[in-house]
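Next, two complexes with subunit A in common: one pairs it with subunit B, the other with subunit C.
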Partner chain A sequence: MKRLRLKKRESSRMLLLGPGLILIMFAFFIPMILLFIIGFQTYVPGSGFYDKTFTLENFVRLFDQYHLMILFRTFKIAFLASLLSLVFGYPVAMLLAQSRGKKKSLLLGLILTPLLTNVVARTLGLMIVFATHGPVNTLLGFFGLGPFKFIPGELGIILGLTQVFIPYMILSINSVLENLNFNLQNAARDLGCSHFKAFWRVIFPLSMPGIVAGSLFVFLLSFSSFVTPRLLGGGSIMVMTMLIQQQAMQLLNWPFAAAAAIVLMVFSLILVSTYNRLTARIERMNDRTGIYSSMKFDKGFYRISRA
Partner chain B sequence: MIKEAGTGIAVLGSLAKKIFTMLVLIFIILPLPIVIISSFSSSSMIAFPPKEFSLKWYISLASKREYITSFLLSLRIALISVVCSLTFGTMAALAIKRYTYRFPELLKTMFLSPLMVPAVIIGIALMRFMNILGWINSFKAIMVAHLLITMVYVIRTVLSSLVGYDITIEYAARDLGAGPLLTFRKITFPLIKPGLIVAGMFSFIVSLDETTISIFIAGGRTTTLPVRIYSMLEHGLDPTVTAISSLLIVLALCILLLINKVMGLDKFKI
Partner chain C sequence: MKRFTVVLLMFLLVGTFVFAAPQTETKTGKIGDGRTLVVGVWGGPQEEIIREHVVKKFEEETGAKVEFVLGGSSDRYARIYSELNNPSMDVVYLSMAQTEQANKDGVILAPNPQRVPEYNNLYPIAKGSGGYGVALMSIGLMYNTDRFKTPPDSWLEMWKPENKGKVAPFVFPGTQGTAFLVMAAKVHGGSETNIAPGFDAIKQLKPFPMILSGIDEMNLAFQQGDIWLAPQMDGYAYNFKDAGGPVDFILPKEGAVLSMNCAAVTKNTKNVDLAEMFINIHLSQDCQEAYAEVLKYGPTNKNVKLSENLGSKVVYGDAAVAKLYALDNASVTKNQSAWADRWNKEILEK
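Our next item is the complex of A and B:
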């Protein structure tokens, strides 16, 4: 009797898991394994085909001067985008953490609306904003500056990625600041610190976990984004994701595209695990308060891909 | 005297901070209203601010069949995604929660792993696989991609709404004679309903917004709306794009208001 129940339990478990497992195998694991294998196969130039002989040539080629430059540029753009998000995002996070009620809802709405909007529609907006005769250049013109050529160009990509990903930075810093006791700042002021010093020596160090987590997150998202750099760079400024797309879709060099994809994935997995370890540690440290519970990585990571 | 000068600087500093914060907020939101305003321009060059206003591009939108077909396709894919991934995803999440496994974390990681891989990589992997199957540019291919992405989201959301869920009340219902379906309908479903609503809305947005993966596997008659807009932007600016993008922005705003109404924005996690 007991065995029968156990068997029934087993079959109902498979019934529940089955469809999901099949989908994830079919649409994710099999294609990924296939891609992994292709990365080690030999490309037959000009044919769009590849033969099955094992080679490491694709990976060696990735580290020649031209491709290293692309890798370096990808890192540079991602780094500057996260730095800019931090500088721009911090004051907003402060404001968000200190406001309540209607004001807070309004601020959250302002920050979240772009996130829910289609990335292509937002990029179109950025293209208009940063155009040579666009509003930003008009504004700078009043101060006798410019006009600057933001797009197509690296500066446009960096600013664009900042606009697209800054909400993550704000929310990440906010999740720390929200639970911070701002009386600490007042105490520091009472003890004779200047306004700036009270912030710099007390509040800022305490918000470090949020800063690091947010920066890593924005870095990762920028690092693996495709649509934003493609549209704001005008196709002439290559980053890793664009290299992969170009090799696969235009040059039909699948083995090389696969190898580049593997390298990109290794980098992002390293970053993901660093992030996870970091937030897990913070979470353990703050288990009592649950401050950092909303910072786990698997929440919303797919958005990685949206830009 | 010195103290007064100090306050003066402090006031100036806090004013500068306020202005800076305002500028950043404007920077975050600006692209959206600018698209909407530009869409009412009468000029055939996308420019801001527009010199004259007209509804020209909305009228032109109505006559462009390809946008309408793409929009309807995207809508159909999104609706199918919501229904299927809510079903399969909830089933999987319940199975993960309900039964004991030798490696409990492994199964969860497996289901959530697509979230950790950049979309470009999923895109080319799927493109290659679909090529081999001969499914490229087919409705099946694009449906599979959207189902994958939305199901992962549903599993994540439902799992997190199951965190405080006590499995023993299901056993109690079963002991009292309820079948598995009745137990789900009367016990499990009402308890996870808020999570399911959020998961459903979320997968709708995710599917409607999905661009990167679709760029690789969509084409011809299966071009979804974001891919259509993307390729328009890639090849130069046609002002009709501003009209359709404005509609998407308004749609996102409506969904945001809906989420705010259902659960409150501060509880919303991206």
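Our next item is the complex of A and C:
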């Protein structure tokens, strides 16, 4: 009897999962499989159709010096955007975790409002702010600096991505800090740590799960973003997503675009798994020093957020 | 209880799809009863003009509804290939080169003068693309009037040492970008089949103030004096001038490039009759005149009459059309991928 009920519950669960699974199936897996097939087919110059002949040429071309450089640049931009998000986002997350009541609601509102605005609108706003004769350069001009050419350029793209994706970093770190017992910091201070040391040796390692989740979010979103590099790079800074768009939409070279998309995805997967393994090792190391077992910390969250 | 929740959720889900489905039309006894024509076109002013000058008349005459898919022409171009067997759009607006290629590949239908009588009144060039030419533009030189008291008259002005760092190319591939690359080659002894001089010449223009890809950022850069010379379409330049921008436009003596937008009927659409009626209305006086007024796009229909003032600002009349240089699009399309590779490596990078 009990078993039967359990089965029923399972089946209703599946029923609820169904629509989502079907959506993922049709909107993600099938297109991915098709891309995979097209990536091995042959482009015909001067025609919008591609030849179904099997070829490895697209992948060979992707691994020439130029395209590897584009892949590296995409990686570099996403990495720096994640790093900047961490540096700028951590203090905000800290402030958010330690504030209460109205102040907290206000802060949360400020962090979330940008997420409610369309990314194109936000990026266009940034184009005005960072323009050669824009407010940022005018301000720097007062100090005798500049004018800097933020856009079109890599620096502009990195700052733009940071601005667009920083809420993910703040919220990820905040969710860990929220559950953290800040008395640990006081204890460390009692035991003779300096302010900085108490943060660096106690709070920072404990917030690692949030940093891991947040930086992964920001990195992957930046790595695969198109709008921000397109607008802030002004068509002159090539990244992987722009290469894919150029090949697929403008040249109708679908085989090469598909190959580039596959490489981008595989590269992301490799990065994520390496990152996960690395952070798992850090976690084990922390465990050995006893830092995790000595605290009330919901490891369940960590596992979910890492996934 | 849980079961109830599940059932409720399922109902909600099904309900969403049912109510989101298009509602059925009422009968009026016309050819387009209960049918919908899907038109893929650029957003902004073009959509507005077509709504006002084509859709109203079309819906009244046929009883069909019109739906728009808005976006750039390369989105549509890629879609008509990937949706060849079951197109989601009935009428697509494309650039001239895209239309020629789509015609060659057989993804659009050949013009049908019997069902589109206005086709017979088009300039020869507007018939030549394999679709229906709807608007004529010229790509020449936009220049800063603060900097040039006497207007430049040649593409070669861009390579004069005193203008270095103030000349911006347009992104390739693209309407202005492709035209500029070919003209850069032509004035340096090359052509569509010998593009190397074009790349070498554009490389000499470095450092660029920027590589152009959008009209607004381009106009802003001209306003702020960051750019003095750039390739541009006549309509965009004149509209910015009319809005008070410090710019003007010339057709260089070596030749300005003809650019044309086309409309086409997708192959395998079930609404060929409606699509052809729609295009016929687009080619008539009313819509073409509005295009000239709002966008400064020249009419493709010989019978369209414009006022003298308007006529001087757009590509208008046999003589004006004949003066423009039509790119060898077959060569361009064939080499485009290789050129894009070169552009990425030699122009975008150091």
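Here is the rule we use: the second predicted complex is superposed on the first by the 236 of 307 C-alpha atoms of A that agree within 3 Å, B and C clash if a C-alpha of one lies under 4 Å from a C-alpha of the other, contacts with A are read in each partner's own complex, and residues count from 1 in each chain.
As a working rule, a contact is a pair of C-beta atoms (placed from the backbone, for glycine too) under 8 Å apart; a residue touches a chain by one contact, two chains touch by 3 or more.
Since this is a predicted model, take the numbers as computed values, not measurements.
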Touching partner for A:M127 - first (subunit B), second (subunit C), both, neither: both
Partner chain in contact with A:M265 - subunit B first, subunit C second, else both or neither: first
Touching partner for A:K197 - first (subunit B), second (subunit C), both, neither: neither
Touched partner set for A:S12, first subunit B, second subunit C, both or neither: both
First, second, both or neither for A:Y43, with subunit B first and subunit C second: second
Between subunit B and subunit C, more extensive residue contact with subunit A: B
First (subunit B), second (subunit C), both or neither touched by A:G235: both
Touched partner set for A:Y168, first subunit B, second subunit C, both or neither: first
Subunit B versus subunit C as contact partner of A:K104, first or second or both or neither: first
First, second, both or neither for A:K76, with subunit B first and subunit C second: neither
Overlapping contact positions on subunit A, where the subunit C interface meets the subunit B interface: 9, 12, 15-16, 19, 127, 131, 133, 235, 248-249
Contacting residues of subunit C [partner subunit A, same complex]: 2-3, 6, 9-10, 13, 74-75, 77-78, 81, 101-102, 104-105, 107, 171, 173-174, 208, 210-213, 217, 220, 224, 226, 330, 333-338, 340, 344-345, 348-349
Residues of subunit A defined as touching subunit B within the complex: 9, 12-13, 15-17, 19-21, 23-24, 26-28, 30-32, 34-35, 38, 88-89, 91-92, 94-95, 104-105, 107-129, 131, 133-135, 163, 166-168, 171, 194-196, 224, 226-227, 230-231, 235, 241, 244-245, 248-249, 254, 257-258, 261, 264-265, 268-269, 272, 294, 297-306
Subunit C partner contacts - residues on subunit A that touch it in the complex: 8-9, 12, 15-16, 19, 43, 45-49, 66, 69, 127, 131-133, 152, 234-238, 243, 246-253
Residues of subunit B that touch subunit A when the two form their complex: 6, 10, 13-14, 17, 20-21, 24-25, 27-32, 34-35, 38, 46-49, 87-89, 91-92, 94-96, 98-99, 110-122, 124-129, 132, 144-145, 147-149, 151-153, 155-156, 160, 180, 205-206, 208-213, 215-216, 226, 229-230, 233-234, 237, 241-242, 245-246, 248-249, 252-253, 255-256, 260, 265-266, 268-270
